[in-house]
Amino acid sequence: MTAAHCADPDEAVAGIADGSTVLVGGFGMAGMPVQLIDALIRQGARDLTVVSNNAGNGDTGLAALLAERRVRKVICSFPRQSDSWVFDGLYRAGEIELEVVPQGNLAERLRAAGAGIGAFFCPTGAGTPLAEGKETRTIAGRTHVLEMPIHGDVALIGAHRSDRMGNLVYRKTARNFGPVMATAAALTVAQVHDVVEIGRIDPEHVVTPSIYVDRVVAVGSEQ
Amino acid sequence: MTAAHCADPDEAVAGIADGSTVLVGGFGMAGMPVQLIDALIRQGARDLTVVSNNAGNGDTGLAALLAERRVRKVICSFPRQSDSWVFDGLYRAGEIELEVVPQGNLAERLRAAGAGIGAFFCPTGAGTPLAEGKETRTIAGRTHVLEMPIHGDVALIGAHRSDRMGNLVYRKTARNFGPVMATAAALTVAQVHDVVEIGRIDPEHVVTPSIYVDRVVAVGSEQ
Amino acid sequence: MSLSKDEMAAVVARDIPRGAYVNLGIGQPTLIADHFEPGSGVVLHTENGMLNMGRAAQGPEIDPDLTNAGKVPVTELPGSSYFHHADSFAMMRGGHLDVCVLGAFQVSAGGDLANWHTGAPDAIPAVGGAMDLAIGAKQVFVMMTLFAKDGSPKLVPECTYPLTGMGCVDRVYTDLATFALGADGVRVLETFGTTVDDISARLDVPLRRA
Amino acid sequence: MSLSKDEMAAVVARDIPRGAYVNLGIGQPTLIADHFEPGSGVVLHTENGMLNMGRAAQGPEIDPDLTNAGKVPVTELPGSSYFHHADSFAMMRGGHLDVCVLGAFQVSAGGDLANWHTGAPDAIPAVGGAMDLAIGAKQVFVMMTLFAKDGSPKLVPECTYPLTGMGCVDRVYTDLATFALGADGVRVLETFGTTVDDISARLDVPLRRA
């Protein structure tokens, strides 16, 4: 169905259930759906699994969600950063589960979920601790590891612009995980800087076609 | 390396070896690299495996290549068309090998080759004659079939425009197989309507990044 | 009176929800596009890489770079988008289309679909995107006559033609009746110029009334 | 004299072919970008979705939507392109980059790479894109000091730290020497302010002369 246009971020995250797997876009601050995460904090869902490249920075956004003890598990490629003290503290206290996934496997497992791929073999991580316990197979003389899709109940992504149908475009490296996560979740929510009339985005330039977008909320110009 | 700009289609297809697997873009005439195929006919390589959605129409292009007995095997999703008499005749005479692949598997197997995926499981074709002899596995309660990548020695594709680096954009549904095949071949050759200076294609709008393009030839405006 | 092709298309169109993302298979299902109500918001997908496809192109609208999966020139609607073949089939195979409508040679009571190959030994096999659509869409509708030209039923206990997909068909729209296929068997939703009893007498498939 | 970080970066830059597509890992390898000759045509990839990345952004050039993999604001060069994360890693994993340069804790004589985890029991694991780069690029270069701060060698018979990739390193650029790794073992290509004999005496790895 054509994307619903929400009045504010709270409406955009309404109904996210306890126990959901939430895909959160962004790489650093680029493409990070800050207002949607803040709304998710207000919304109250708990026992969440968060799939994102990092595990929160400073005391805001994802880190604030973690600090509220709302996240049971983080699936990410790089939790450890200079300002990831909230995650670090929870992890060292044994109060949060962590699955570290090579960044390419993270992206490809999300894509697989969106593309109807049940599992795939790839060489990343073969012979390393991150492949321990996983099925392997030699293909074309090389060890491959079997990887499974990561499906989201919800994807929260940041994009640049949407049209009224929900077609999305991004800006520069803020594109990152958004287009992939949009395909991998049952409910995709996008925050955008602005929403334009249908026909104002050239069909050749659409990055995320409207079929993947369920809810859109405009959060105004870039900070 | 930055794409080489060829003076004509003959230079663009120079060096294609006998026995090569040649990926040929296009869906119907949209995106069909007509001038490159004509040049391949003049170039003389034989014993080819051609991977394309169809198996030639009328007496020109792919059909002409087939008629010259230069193709050992066709891998495609839909060989049978109202004007595929050249292929039909060779097939019925037992003079050409055919592997019929569901169109989505064709696209996904090409993508896998370009993306470093050694094999993948998907439900397409499970329980049908096209999955006979293939490994299957039940994932999430559903029968999946193991599919292998299709690597090309050469990809011949038609795009709309290139810049001097080899970044490509396409027009409308002529995009089809070009971007996927460009990633799946050791040598990718693109025919385009025109070549523009670097910087004239917006980095947000590039569909095939220059890294995938080895040779470009401008063939002038659309017929 | 049994339904004409156009009337069948209208019945299918009526059952497609407003705003649905839909793929209409090559052949008869393309007729359905003419029967959506104005403002239905139905968005058509074509597997050669486009969403929000418009009607067939006429005269000067014809652009060789813009065709549907049947290679017929078409138009684009505002809000359309283009994507490459792997992305297009990922959309189909990943379960994102709400409905696809396919033609068929045979459908079994268990929802198996046969629509790509008659099994004739001299036929050249050609499958296109049928197997991907059959397994991918949230709902798979079939549109066909209920009986072949030789009078044999096309809704059968088991397909004798080679399969396109297993247990994938949800609804069968025919000239004589509409059927819903599910875990509880085959239900007749509607009949056209005939009765459930008459149809039942001509099929080898047990039928339930709606 | 052993090489400074900047001098090591210059040595690596010299060995990267003109026009190559290159990924420079976070940390020391980013210094290499300053040493390509004008007109080298080297195209830098950053795994967060860009080809033809320019230098670090200064002052008003800073755009929060344009960073490198280290999250440092950067600039774009004419002819750049943007793509999403799955496409970006497909580019890496599919073998399309000519060279990647990574830092390392240890490299084994057989080309195993350890650069993501010290194995310390209280360390929080974090891998980023290192494992994908290690297996994906056509040539994997490592840039590191030859000895750790405690004097232990980082070019070793077998890695004791957890692996990033198996048998993936082609060249090792250090402050004291450059090594080529291959089926014939470890060859010293060049030394800096020292001799092969001196290095040999301090490593547990048999060395061949270029």
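Which chain is which? They are A, B, C and D, in the order written, and residues in each are numbered from 1.
What we mean here is this: contacts are C-beta pairs under 8 Å (C-beta built on N, C-alpha and C of every residue); 3 or more make two chains touch, one makes a residue touch a chain.
According to UniProt, the chain labels map to these proteins: A, B = 3-oxoacid CoA-transferase subunit A.
From a predicted model like this one, the values you see are computed outputs, not experimental measurements.
Excluding subunit A while holding all other chains in their positions yields a single touching group, one piece. Subunit A and subunit D have CA centres that are 28 Å apart. Separating the centre of subunit A from that of subunit B, both taken as means of CA atoms, is a distance of 33 Å. Centre-to-centre separation of subunit A and subunit C, using mean CA positions: 34 Å.
Shown for subunit B are the residues that touch two or more other chains, namely 108, 111, 115-117, 122-123, 170-172, 203-204.
Among all residues of subunit C, those that touch two or more other chains are 50, 76, 82-83, 89-90, 92-93, 135-136. Here the touching chains pair up as A-B, A-C, A-D, B-C, B-D. Put simply, subunit D touches subunit A in their complex at residues 46-50, 63-67, 71, 76, 82-86, 88-90, 92-93, 112, 117, 122-132, 135-136, 162-166. Subunit A meets subunit C in the complex at residues 1-2, 111, 113-117, 163-165, 167, 183, 198-199, 203-204, 206, 209-212. Partner subunit A is touched in their complex by these residues of subunit C: 17-21, 41, 43, 45, 50-52, 76, 78-83, 89-98, 135-136. Put simply, subunit B touches subunit A in their complex at residues 108, 112, 115-123, 137, 139-140, 142, 144, 169-172, 203-205. Contacts from subunit B toward subunit C in the complex involve residues 27-31, 77-81, 87-88, 91-92, 98, 100-108, 110-111, 122-130, 143, 160, 170-180, 207, 222.
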